[in-house]
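Take a look at these structures.
What follows is a pair of complexes built around chain A, which joins chain B in one and chain C in the other.
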Partner chain A sequence: MNAQKQAHAWLLLLPALTLLVAFTHYPAIATLIDSFMSTPKPNRASVFVGFDNYAAMVDDPIFWQALRNNLWFALATIPLSVGLALAMALWVNGKLAGRGFLRMAYFTPTVLPMIAVANIWLFFYTPSYGLLEQIGNLFGLPSQNWLGDKATALGAITAVAIWKEAGFFMIFYLAALQGINPSLREAAAIEGASRWFFFRRVLWPLLMPTTIFVLVNAVINAFRMVDHVVVMTRGGPDNATTLLLYHLYEVGFKFWDQGYAAAVTVVLLAALATVALVQFFVLDRKAHY
Partner chain B sequence: MAEAVALRQANPAGRWLDTLAAWGLAILWILPLAYAVWTAFHPAEFSAKFSLTAPLTLENFARAWEAAPFARYFLNTTLLVSLILGSQLLLCTLAAYAFVRYEFRGKNVVFALVLVQLMIMPDVLLVENYKTMSKLGLIDTLFGIGLPYFASAFAIFLLRQTFKGIPKELVEAATMEGASALQILWRVYVPLAKPVYVAFALVSVSYHWNNFLWPLVVTNSVNSRPLTVGLQVFASADQGIDWSIITAATLLTAAPLLLAFLLFQRQFVQSFMRAGIK
Partner chain C sequence: MKHSFATCAAAVALALGASAVQAQSTEVPFYFPVAVGGPITKIIDQFATDFNKENPSIKVSPIYAGSYQDTIVKALTANKAGTPPVASVLLSTDTFTLIDEDAIVPIDNFVKTPEDKAWLGGFYKAFLLNGQIGGKTWGVPFQRSTVVLYWNKELFKEAGLDPNKAPQTWAEMTSMAQKLTRKDASGKVTQYGVQIPSSGFPYWLFQGLTTQNDVILANEAGTQTKFDDPKVIEALQYWVDLSKKHGVHPSGIVEWGTTPKDFMEKKVAMIWTTTGNLTNIRTNAKFDFGVAMLPAGKKRGSPTGGGNFFIFKKATPAQQEAAFKFAKWLTQPARAAQWGIDTGYVAVSPAAWDTPALKKYAAEFAPAAVARDQLQYAVAELSTHDNQRVTKAFNDGLQAALTGSKTAEAAMKDAQKEAERLLRTYK
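On to the complex of A and B.
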């Protein structure tokens, strides 16, 4: 009987588990192995090369540039999108005029395909007749090629990412705010607490689990969002907007260098694993009181 | 009463500032879309010129529709998201049920292995998954685009949470009546989890409608390209940078989800909320 039940359980699990192993666990391990192998060529099979791929990666200035860009991208998108999301949620949850419109406006970018909105933003940034240029002209600012200039290109794609993500994160804050007991606010009001005090001493601690959930997602997304790079800059000018995943895409599917691509994937996996471990061992403990 | 207390506390100047900032941000947020709508519905010469007398036109949509096989792309995307959603609902329901209703050796280890996918999404592993797909002969097929997503750790997690909250009495009653394990799943668990299924379906459809990098890598022909990849091929091909047509194509791509969102706003927002609360 028990053996039969066990068999039932495994049968139910089998289809999902097989696919998960085939497309998550197996490729993760295969990547690690491939990162120590040479890229197979038509006349030469793949051979063990030790740390050669990693050495090539360390010697590749584009890899370092991609890593640096990605860190800047993460450092800018994470706090700004989470901060804006919180502000949006507080506004939408409050009693401002036109709440319905506000919520719709903030959330709309979430349901639009990144590939579509990137095309719109591309037009926005276009020199000489894009909208940004026209607004600049009104104020007599000099012409600026936002995506073509190395100094502004990364900032320009970062802005798109923040715009896309903030409304999505707002939803989670909104859900949390709606779960907070209204009598807390009444009590604070009767005590004469200032809004800032109420936010800092009551709301912020209560929102902590949400903040951690959102932060983890923001970090993962910072290493995963590349659609807009493909549309808007293709990593240019001069690799100023190459992010790690975009670099991986180029190495893997433009240069077809599998060994090197595997090494870059391992770096990305390590970054994601670090996030997972930090979440599991540090943040999840802090979130409960 | 309580409202009155809270309101008296609020500083009117602060409230004004709040409203102003909230609206400013909202307008900034909606601006790209408004701009795209303007450009797409007006003749090309008005694409960057704003005039109330500019004539409205559907010409840009007609030209975009003719310039690329968008009908085929729409069909591909629709089939793709249905295929993925159908498989996810079926496979993940069965898996979640196994975790809730059965005790078996290694249950916790297996569940931990499932959760790994929450952190390591198929996008990051695209080089290896591409190799697997070419071994299986699934390059440039809709099935190949969808396969890595058929089993979703997120769905399993979400359904397991929901199934756990279903009262034991209902299950026991069904067992007394002689219902089999699968009948209990179908008649008790699935109907009670309906809101969660709706929530997951909306999140999954929006995700896969918009997904780009993996489909870009595994497709190379019109027969399997989804809308996102089709749009990119269209926009990056030499269109003489005719923004009116590109924005029209862009709006076409986004239209079904956008319209669904505008019509069922509350449902969408609540679904994303439900899916996010662990």
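On to the complex of A and C.
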């Protein structure tokens, strides 16, 4: 009976397991192995090269720049998009006219495909007649080539990412807020707690599980979003907007350097896994479920 | 990863094999990219249908594969898995990469009869250059373009310039651009004189300037670059000075994609861009415009661009022969002429320009012939071994100089150093 139950359980797990192994675990392990091998060429088969690919990576200034850019990108997008999401959720959770419309408006960026969005933003940022330029003209601001200047390009693509993400995270916060018992608010009101106090001591702790979930997603997205880079800057000017994944794409599919690309992938995977583990095991303890 | 590819590939091969047996014909899967506006997919599908009708023993199936970059990614990945397409249109500059990956066969393998030889000799020399390596021809010119100057005749008139005369030299372009640059009361530029796009692939447009300054960027073997040649630095300085010193060109990086729009919005009076934009600008510009050859520095010059037709090595000999037949069919004068009219690409052979259809078109719309007339000054597009990496080093250097983070000289020296490091294994 017990054995039959066991078999039953494994059978139920099998479809998902097959997919995960075939498309997640096996490629990850194959990539790890490939990262220790040289890139196969028609006249030179792939051979074991140890840490050569990693050494090449350490020597590559563009890798370091991509990493640096990506850290700035993450440092800006994660807190800003999560903070904005929370603020928007708190606002549209209240009773106000046109609430449904507002919610939809906030969520719209999430629904739009990133490629389309990036093309629209391209024209926002266009010098001379772009939207930002026209607004700037009203206030007599000087002309600015947002995407064509090394100083502003990374900031410009970061803004697009925040705009795109915030609405998505808002939905999770909104759902969590709807699930909070209204009697808590009433009790707090009777006790004479200020709104800020109520948020800090009641809402925020209750939203913690959502915050962790959102944070994990925000971190992953910060290393995963490159569609708009491809459309808007292709990593330029002079690598100012090259993010890690874009660099990886270039190495793998433009330079055809499989071994090096595998090494960058392993670094990216390791970094993401570490962050996710820290979040789950450290932050999780602080959450009340 | 490799195994799953192999399995997929086997399945595809099985499917293809099965249908081949049914139809009793030679299957020719053919990848093509779409890089300009217009109904390219429809035209190519029609070509295939017509060809298949004329050649019942062959079945060409065109497969739209995305941009040039997507197409080479798909073709090379399929090649590594063992089942590449039989033929594909890919960037002519990727020839070295395709040879290094041992993916393609020379076209000469199929050129046997005098008629074939005449056909291969019939193309414009400038278009064959990128495909000729090590004494062999690897690619058939198909969708080819070049860089030209577009100018707004209305704005020329307003600035007191002859609206029918484009700049002939660098000095003239600078002085005309100065007259064409307008500022508002606060000193902000509302209309620039000239712009040369520098996002994505600045090297291609810059190659116009270097060719005009009488310097070739790489040797024919693709193993040596000359990025730090004083003439290259001088050409880059001219480009940088247009904005830094003269203020007649937008500063920073100029986006390739919005350049035609900038021109149509009258934010700039002269632009450098591909002949492939001709149909787009002709349809959308609300003013009279002209198209001219790029101005001359020490001489005239422009790079060629666009895609060649390649035949893959792993296909069967029968498939390769069928693909060759298709390539010849595609580039027949009448067809090449129609393709040029429909897309804005430059028809690839003098014979095509002699057809009544194209003669009539060129007579009605003079700008169409400018690209052809410029071909005598055209050079091969920059291409080396490890092409995309070397080109990236060069692009990074150009963008660094244009954004002012490096001097022209330092930027080109750095690019050259990186190119030499990348190319050392190919010497």
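Criterion: the second predicted complex is superposed on the first by the 271 of 289 C-alpha atoms of A that agree within 3 Å, B and C clash if a C-alpha of one lies under 4 Å from a C-alpha of the other, contacts with A are read in each partner's own complex, and residues count from 1 in each chain.
What we mean here is this: a residue touches a chain if its C-beta (ideal position, glycine included) is under 8 Å from a C-beta of that chain, and two chains touch if they have at least 3 such contacts.
Model, not experiment: these values are computed from the prediction.
In the superposed model, A:Leu112 lies in contact with chain B only, and not with chain C. Touch criterion not met for A:Val58: it reaches neither chain B nor chain C.
Of the two partner chains, chain B is the only one touched by A:Ala189; chain C is not. When the shared chain is aligned, no partner comes close enough to touch A:Ala270: not chain B, not chain C. Using the contact criterion defined above for the overlaid structures, shared-chain residue A:Leu75 touches neither chain B nor chain C, since it reaches no partner. In the superposed model, more residues of chain A are touched by B than by the other of chain B and chain C. By the document's definition of touching, of the two partners only chain C reaches A:Lys150; chain B does not. When the two complexes are overlaid on their common chain A, residue A:Phe123 makes contact with chain B and with chain C alike. By the document's definition of touching, both partners, chain B and chain C, reach A:Ala22. Residue contacts after overlaying the shared chain place A:Asn43 against chain C, while chain B stays out of touching range.
Overlap of the chain B and chain C contact sets on chain A: residues 22, 26-27, 30-31, 34, 123, 126, 129, 253. Note for the complex: chain A touches chain C at residues 22, 26-27, 30-31, 34, 41-43, 122-123, 126-129, 140, 142-143, 145, 147-150, 233-234, 236-239, 250, 253-256. In the complex of the two chains, the chain C residues touching chain A come out as 1-2, 4, 69, 73, 76, 97, 100-102, 186, 188-190, 192, 198-200, 250-255, 257-258, 261-262, 265, 267, 386, 388-389, 392, 395-397, 399-400, 402-403, 405.
Touching chain B in their complex are the following residues of chain A: 5-6, 8-10, 12-13, 15-28, 30-31, 34, 84, 87-88, 91, 94, 96-98, 100-117, 119-121, 123-124, 126, 129-131, 134, 163, 166-168, 171-172, 174-175, 182-183, 185-186, 189-190, 192, 195, 213, 220, 223-224, 226-227, 230-231, 245, 248-249, 252-253, 258, 261-262, 265, 268-269, 272-273, 275-276. Contact residues on chain B toward chain A in their complex (touch as defined above): 2, 5-6, 8-11, 14, 18-19, 21-23, 25-27, 29-33, 35-36, 39, 47-48, 91-92, 94-95, 97-99, 101-105, 110, 113-114, 116-117, 119-132, 147-148, 150-151, 153, 156, 181, 206, 209-210, 212-213, 216-217, 227-228, 231-232, 235-236, 243, 246-247, 250-251, 253-254, 257-258, 260-262, 265, 268-269, 272-273, 276-278.
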